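In the two complexes that follow, subunit A is the common piece, with subunit B as its partner first and subunit C second.
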Partner chain A sequence: MTQIIVTGILLSGTYALIALGLTLQYGVARIMNLANGETLVAGCFIAMWLFTTLTINPIVGLLLIAPAAFAANWAVYRVALEPLVKRAKNRGQLEVDSILATFGLLFLFQGMMLLTFGGEYFNYTFLAQRFDIFGSGFGLNRVVAFAAAVVIAVGLYIFLYHTRYGTAMRAVSADPKSANLVAIDVARTAAIAFALGGALTACGGALLSTFYTFNASMGVVFTMKALIIVIMGGVGDVRGAVLAAIILGVAETAVASLIDPSLTLAATYTLFIVVLLFRPQGIFGRPTS
Partner chain B sequence: MNSLSQKEIIIGIGGVLAFALAACLPLVDQGYYLSLAVNITLYAALCTAWTLFSGPTHYVSLATAAFFGLGTYAVALWVDVLPFPLLVAFGALAAGALAGIVGAATLRLSGVYFVIFTLGLAELVRQIVTWAQATFTTRMGLYVFTDLREMHIFWMLLALTAVIFLTGWLINRSRLGFAMRIIGDDETVARHVGIDTAKSKIVLFIISGAFIGIAGAICAPRYGYIQPTSAFNPMTSFLVVIMALLGGTRKLWGPIVGVIPFVILMDFITVRFSNYMPVAMGLSFLAIVFLLPNGVTGRLEQAWNKFQSRKSAPSSTETAA
Partner chain C sequence: MKRRTLFAAAICAAGLTLAPAAFAQDVIKIGASAPKTGPLGGGGAMTHWPNIELWVHEINEAGGLQVGDRQMTIELIEYDDQTNPEIAIQNIQRLATIDNVDFIVTPYSTGINIATAPMIAQHGYPHITTSAATDGVAEFAQRWPNSFWMLGTATQLAVGAVEAFSKLRDAGEIGDTVALLYVGDAFGQEHINAAKPLLLEAGFDIVYEASYPFGTQDVAPIIAAAKAAEPDSFMAFSYPGDTFALTEQAQIQGLEVGAFYTGVGTAFPSFRDRFGDAAEGIMGIGGVNLDDPKVADYFDRHEELTGSEPDYWASATTYAGLQVLAQAIEETGSLDRAAVIETIQNGTFDTVIGTIDFVDNVNPNVWTVGQWRDGKFVAVAADGIAVGAEPVVKPAW
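And now, the complex of A and B:
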């Protein structure tokens, strides 16, 4: 039982990073980024490439991957998504447009990665040692990835809640029009939030790659999980996303070890249905009219 | 119900003639062109059924593969013991029931929840089917042996497409269609005039899903050997969205305008450059969003309206200035 809970929590660290990336993109930049999983997969591949060719430790590699992902996502937002934001007459229009446009990005990125790496599964060996928690053994790589995820998530929390810029971001998330009135550059803040979200997701991917077997077309599954975590936690809510990630990680691990490993998506969906039926506004969310 | 206008009668006769002409195709060719025509008719049926729901509501449904796969499985599981038409009805019921469940869970909320839910739906159903097969049976795939040949499947799909068109037209004339038009324009208004918006959407989604299930059931004999990965292929859902939006979803016949060129293009790409399929799909999505937000038919309609207004008021630009 403790084995399941600890494994689940260790897994939830990376889930939380991916979901935090998505919640920033959707909450602040108003883009439901369905290509988020592809950013994650790109993070996996870059981390592997850095480790196998340049022997750069994946944790150190984050220092390269995060700025690169930030720049790439910033460019994607400016080129492909901002025109849609400007064109949209209302929120619903932007939602449909951004969903379709990010589907396009999803297939484009996935296709390019498939052309480069093919459809095979990849993994590499990093810190594959035993680490004891409460008397049971866990992979040291999982523990390190979790610790790194915690550090990044805490950093994000401090940024959002204790800096001027983070406060501006939360203001845009709450209401872009009013944020504009108090002299916040909404367009710029949205672009940075989108880029920051991409950087978080890529970090999640890099950490995931240290203990997980990945391939070029697995992005959608992770996008799906991240979306469910974001909705469970409430859009734009950091604490909610972290708690939801833990719930999802533990539930998945429990189903995989107690019932059948092939039913993890069923576990995810069961949680999703429960949330939709009882708390569609999220765990900490307040009901909206 | 109003009586038919002269325009509607003309369109009706034209439609019947077009379907009759298409039905003669197997007499001319039984090889490549028939196979291509089956694909076109299949996607025409799927996209038109998709548009029944997603056209007026603007909800992007990615559940097509799930409904389609359920229809296929309904046939594959019992093809040896029950007659085929009954199994097609089973397929419709199973897909309609799934649509009802999905609709009840998501259609009361905003569109995003619906898209997310349908995004993973085919994968979820596939996992459950695979798990059930592995747990309760020993085989992974199922054989479907029937006397039906390619041309029979073609005729059945053609008939299905005709029925979907007829249903769409009847819905448009009914109270449900009227309600959907109001919901599509402004949901708040719809709720204020006393329309049960969630119920209307769920009913429409069930109708759309059931038709897609029928299409899956009809196609089962074509594949011969049914596996979860091929029956619940998520690409089906995305291709349907691309083709329907490419054609335009404001009119019921809009999707067909997208289906015909895209199936031919897809056929070309999968033969010559199969590795580039995802990239091609990605570029198609982006092209639709940026260049053809209302589809080809929407663009034509726009041009036509402009032409008409220019004809009726040649100096309108001057008066506006």
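And now, the complex of A and C:
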């Protein structure tokens, strides 16, 4: 039983890493980023490249990947997405436009990775050793990824709920028009939220690459998972995303261990439907007016 | 003036479009459609595309194919099917009707080969499949007489796996209990349907059996449950992502078994690179006989041109399928597709995986199980051809 819970919680760390970036991008910057998975896979590739060619440990590599991803996502937002934000008359239109635009970006990013790395499967060995918790063996790489997920989630929570700038970000998330009235630079805040989300996603990818086998066209798998978690948790709420990740991680592990591994996907989507039926706005979401 | 310029330009343009047609007879146009992206993009990049590149390169380096009294080089037209059967069918149609290619090389994977078979048959192209391992091959070969099946059947592969396990068990190296896993799609289902009765018949005791959804890489609970059943051996019909994940978890959780078998991906050189010494003794689908100088030479040429080692399963078969096509064209002495199909049906072909002599359009001689031994994935079970070695018990992780 303890093994199921520990395995489940470790898995939720992985899921949180997949979803936290999208929470910011969708919740604050209001960009439904379908290229989220590609950002994550790019993180995988860069971490692998740093590790295999320059022998930079992926954890140290985060110090390079995070700022690089922040800058790249900032640029993407300024060049490709801000024009959409400016011309959108309402939230619905921005959502549709951003879905279409990021759908295109998905193929652009995927194509760039295919050109650079080819379509093959990749993985590498980093901390793939046994780590004992309560007498059972777990992958040390997964434990490290979980610890990093906790640090990132707590850091993000403190930033959003206990700093001035974080509060501004939540204000933009809640109501961009009113935020503008209290002298918050909405455009800049949204750009930073998008860039920060991209940086988190790339860092998640770097950590996941230590135990996943990946290739250039795998991004959509991660985007799907992130979407489910973000929508289940309540759009734009970090606490909701973390809670949804824990629910999914533990539920999938319990189903795989106690019932049948073939039902893990069924369990995920059943939980998703139940949440949507009883709380369509997500666990922590605010009802839309 | 203006009109005259336009006229001149039109003549030039007409000349340009006509010119290649005049030389076209010295070029064989070959079409290829296979995944570069999508879920099978990784497999395609590993097993399929490098062999086409190698084959075209070698033929053109040698001056082309001798077709009757003409020396013809190959022009390759390639499309990405995005691992989507619909797109694959459109690609084939485009190759046949717009690009007007002379021949089409096989698409990649069981599913897409079957999806495109009717379209390839409709246009009368020979269809030599090298990446389809299914029990339907006899039926497909009958339904589409232009199609040829080289990679064996799920039953052959399952028989090989059970044979290898039985040999170890009969030698007293492992006990009777086995944990059985399979990916929840057509591939896994077909293999489990073939393997399970064989295991029971051979006197094995299945102490754990489970399937998991396609794409699963979080397999810790599955390995934990398998380990709790304390099996003597472990057999999983898995895909590359899960093959790596199952092996890593088995290693981490210390699932000690005397025979450890995983599915697609075990034969990838990257599997050996990832697990290093721990890969020693792991069995999986595929295997080649590197004692055969032709195979060894093929491995060298592949690495030299494409910069990567071929995988130890379908790579050599893929190259052999292309060799069959080239030899059949030369033997027929023309680009007449119906005649080439007839040549393939009746001829014998000398390839890197031995002599190919189709029986009712199916190649019956295949390697079925490989085992990592000192960095090489050696065939330890086969149907109709020589193995490279006998299976040995897997050392502890």
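List of remarks:
Here is the rule we go by: the second predicted complex is superposed on the first by the 269 of 289 C-alpha atoms of A that agree within 3 Å, B and C clash if a C-alpha of one lies under 4 Å from a C-alpha of the other, contacts with A are read in each partner's own complex, and residues count from 1 in each chain.
Convention: a residue touches a chain if its C-beta (ideal position, glycine included) is under 8 Å from a C-beta of that chain, and two chains touch if they have at least 3 such contacts.
All values reported here derive from a predicted model rather than from experimental measurement.
In the superposition on chain A, contact is made by A:Leu265 with both subunit B and subunit C. Contacts of A:Gln3 after superposition: subunit C is touched, whereas subunit B is not reached.
Of the two partner chains, neither subunit B nor subunit C is touched by A:Thr210. In the superposed pair of complexes, A:Val221 makes contact with subunit B and with subunit C alike.
When the two structures are aligned on the shared chain, A:Phe138 is found in touch with subunit C, with no touch to subunit B. Touch criterion met: A:Thr125 reaches subunit C, while subunit B stays clear of it. With both structures placed on the common chain, the touch criterion links A:Phe109 to subunit B but leaves subunit C unconnected. Within the superposed three-chain model, A:Thr39 lies out of touch with both subunit B and subunit C [touch as defined at top].
Residues 110, 114, 221, 260, 262, 265 of subunit A contact both subunit B in one complex and subunit C in the other. Across the complex, subunit A meets subunit B through its residues 32, 34, 80, 83-84, 92, 95-97, 99-101, 103-112, 114-115, 220-221, 223-224, 227-228, 231, 260, 262-263, 265-266, 268-269, 272-273, 276-277, 280. Residues of subunit A that touch subunit C in their complex: 3-4, 7, 10-11, 14, 110, 114, 118-125, 128-130, 136-139, 142, 211-213, 215-218, 221, 252-253, 256-257, 260-262, 264-265.
Residue ranges of subunit B in contact with subunit A, taken from their complex: 58, 60, 105-106, 109-113, 115-117, 119-120, 123-124, 127-128, 130-131, 134-135, 234, 238, 241, 245, 275-290, 293. Here subunit C touches subunit A in the complex through residues 35-39, 41-46, 83, 184, 210-213, 215-222, 224-225, 240-241, 244-245, 248-249, 251-254, 265, 268, 270, 274-276, going by the rule given at the top.
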